[in-house]
């Protein structure tokens, strides 16, 4: 690991994540108030979306963008499908569908961390990657809920009751109107409409102080991960391996696709990080309602307590090293 | 509507208000945490008041200011009185008094939006207009509570009980010490005392990031308006018409007064917006306690769900167009 | 008091503390939401610690620093010991131990206020004084809990039960892992590691908007002090005198030590303020659990409602005047 | 020991007068949760108009007088209360 | 007067469908406390996955139907409820 | 089915040891509301010294042992609890 990478890891926000882990493990009573943590996540989604919209308004629709978004859509459909088939061998269909949705979708905070990392490396990327983030969020949820519904109707045919069936329309509505998701979409659109003049007025809020707010959010995430990993019981190595191996496989898949589509280094890196990331805000909130049969401590715990820290601490620098080699 | 007006409407904060309306109407679970929303309102009141106080410390007491404040006081007494007489024909005296207080008083957020609008238009105005805002807040409440007390004592004479009577002293105390109101007053005073040197230190907080915080506040307002307007049952067209027509009438009245007093365009515009606005933070909080007989869903609902969006979306640009014509 | 001192008192943040006092005394319903207040305290601790760490990374370990920290450690052990002996004459041993811990420890917000005061006076000081703050926080707590444990075991010997005994290890753990304390330590360390490049990215958050956030924190403190001082019943003059006289005695003691050790004016002033300050965040939170027999309204009330406002309003300017004379 | 618990739902704006009323009865303990939505299906969370939940625990002996006063208060200003008897720890 | 109080602990994500269910029974009052940790010892407070406490007060007469519906809801989506009878003020 | 509900008011600083105690009894569910004012009329909301409300629902069978432990805990550290019996949904 060279000097610039080392310096990248000593980013204060990432160190506060480590510190949160430490505080959680020594059972400190340190905690970020609930509503502040929720607001910080809304703030981060808003600023991602808004900045993405603004860049979009500057570049317009380009070939590079069309390619990147096509690659994102492919990943968004293929990952949850293969993850479900893999999980189905060991788990009941509800847990399998829920975990597949989690890993098929993406993590906005992992994305922000990757963007900050790229900026420190001085590598450019397209503002439309925020659009890729938005596009990759929902398909996994929808596929998972459809699968769960199929399972439920089969058990009805087999003599069960249909009580549990959640209509597809209702779930599409849930997935689309989920607060976090909708805020991202809305901010993207507003960023696109208001463009650079709007951004100038908002910049002190969405750019200058972002690092400080991200720091508190990552501190809270560190605390949560520590608390969660104490409770997490994965019953054997399968799920533990899954939570590391599948992100890596997705990263490899995304990198290959990016190479095949001829994306630039920055875009390829962000696509790789998105594919490797697992959702722990939007998807759990929707799935808890849409697939209540699934065990939240599994899908939420794996994503938050294993995959998120793996990506933040090891994944991001490693993916970057490898991609720089391949693109170099 | 010319280009500069159109651009004014595509202000990001206003678009987030629209977005909040949309999210509320599609029943998204998007929400700004309660305590954050409360803090945002305290922040906005503090920064209005403080900046007003600082401008005051720069200009001192001028003739223009004396004229503007006199006009504000006239409006603050006349509007609730005529509104009560109008409402009394259709409603019980408690609802009439509560709604009159709401429309006789002012909305700080509508004022902030109007100030931001003026700044985008490059039109100057007196910092003392924040003083006008403070002056116009209380008289309506006090008049309404006095009216409600009169009604209560009459029903006692007519055989009722005097239990419900709220002493005038108590209400004056409530109106004066209400948190939002007092914070505005206190910040005005502190801004006046500390002047420009104090403002320099606070500027990054009260000016640079204000737009971003206002954006979240207006998003929350949009969500609230959508939720409120679903519940609002106005029983016939009278109150719906009232909630649009009275603000327009007040705007006309204020404009005429401003012209008669020879105020400048900026001051006249802000006076017009203040007169047209209805309170949905300070007055409902006081009236809920002081006139509990009144139906909160009426006075709060009309003000928040009808008059506030009307002023933000149509009123402000329209008043400006008209005034620019008249002052032109 | 000369002009520059007067101007120092008209600092907006201090005026908002006065305003909070006023609002509390007229029983306004003004209040800063709970979670916001908690977040503001985390924010202030983080930014103190982080900035301290960054200065430390710039200066490295110097003789001046070694002297200042030695003086701090002496104060941290001597003050709680003598305070306990003094208090033990009038109070039961649990209250005596709890109050001794409170006055033997330090107040981070008093420290921030003193730092802002120094900056306005243009007097320099060592960034390592944040380390002194950290060092002075814990010894008092640990001593007090040990004392309380001794008292409990004696009463067991005398026929009581040992139920109440809190193990020293547990208390050391509590004192060390208390959220506020740990955050200060962690931020100091992260500031030290990331140095100036890290600070550049965080500066808009931890420096530019700090004054504004401090203002809201002091407003909340003013409200709390007013509410607390209404409830505070000190049963005779002893504790009231203690809450003013002991801080002054500690200030004198710290000033003498600073002079003896040859510290510079800035460092001596901050050491004096630290010694004079009493904890009202960290210590009460730990003591409430570790010495539950003590009356929280005494140790918390005296520290918050008497000593904190005394230091903020009179102590800081007075200590400065005296020290400037002595160092002049 | 025998104790009574009274739970009150009112508008946020009424918390100060309500707790003043409670203090006159010196209950063993109470806590106030502010900033809620819901009361009377009219409740609306807004910076100016949210609801609150107050939970009071007191000795059964003192609950009658407290409830009488609460009744007058809530009928005057609006809001709902609910009382149950049960077993208390440290409620004396 | 005779009243029933139902207290419900569920995941935050379920508050909207739950209050829609409650509204169909027109209880005298309810309040919602969001952003909590704890339910079922699985509760985890996170920006995406916290728990909520809903306190409902209604006339005893209407509580039976409400509880039947709640039972189906909570068995379907998870969560716990608890009902007691007691004395209510303004619960009619 | 028959269930018991225990409501506890304590200082915020005591929430961690209290929930560790609760976890040993494996109640059906509990939630924690932090940052409150009010307990014992001494409660003061401050960044360092607020109160908390913990609501626990458990099977009636397990409530006796829980209450005994709670009694010792609350007498040691301060705070108040209240228990009632009632009807539970999903409490087993």
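Letters A, B, C, D, E and F mark the chains as written, and numbering starts fresh at 1 in each.
Criterion: a contact is a pair of C-beta atoms (placed from the backbone, for glycine too) under 8 Å apart; a residue touches a chain by one contact, two chains touch by 3 or more.
Chains and their UniProt names: A, B, C = Sodium-dependent bicarbonate transport family permease; D, E, F = Nitrogen regulatory protein P-II family.
Given the structure is predicted, the values throughout are model-derived calculations rather than measurements.
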Checklist entry - Of the pairs A-F, B-E or B-D, which one shares over half of its contact pairs with C-F? => result B-D
Item to check | Farthest chain relative to chain F (centres taken as mean CA coordinates) | outcome: B
Checklist entry - Which chain has its C-alpha centre farthest away from the C-alpha centre of chain E? => result C
Checklist outcome for this item: Copy-to-copy rotation (chain E on chain F, CA atoms, range 0 to 180, rounded to a multiple of 5 degrees) logged as 120
Checklist entry - Using mean CA coordinates as chain centres, what's the chain A-chain E distance in Å? => result 32
Item to check | Between chain C and chain E, centroid-to-centroid distance (C-alpha), Å | outcome: 44
Next on the checklist: How many angstrom lie between the centres of chain A and chain B, each centre taken as the mean Cα position?
Outcome noted: 41
Item to check | Computed distance of Cα centres, chain D from chain C, in Å | outcome: 36
Checklist outcome for this item: Contacts with two or more other chains occur in chain E at residues 13, 33, 35-36, 78, 84-85
Item to check | Residues of chain C touching at least two other chains | outcome: 27, 29, 33-36, 38, 180, 204, 208-209, 285
Checklist entry - What pairs of chains are touching here? => result A-B, A-C, A-E, A-F, B-C, B-D, B-E, C-D, C-F, D-E, D-F, E-F
Item to check | Contact footprint of chain F on chain D as seen in their complex | outcome: 3, 5, 19, 23, 26, 28-33, 54-55, 57, 84-91
Checklist outcome for this item: Interface with chain A, chain C side, in the complex: residues 34-36, 38-39, 42-43, 46, 50, 173, 176-180, 182-183, 186, 189-191, 193-194, 197-198, 201-202, 204-206, 208-209, 285
Checklist outcome for this item: Per the touch rule above, chain B residues touching chain D in the complex are 34-35, 37-38, 40-41, 163-164, 180, 224, 227-228, 231, 280-282, 284-286, 288-289, 292, 296-297, 300, 304
Item to check | In the complex, chain F residues that touch chain D | outcome: 7, 9, 33, 36-41, 43, 51-53, 67, 70-71, 74-75, 78-85
Checklist entry - For chain A, which residues count as touching chain C in their complex? => result 7, 10-12, 15-16, 19, 22-23, 26-36, 204, 208-209, 211-213, 215-216
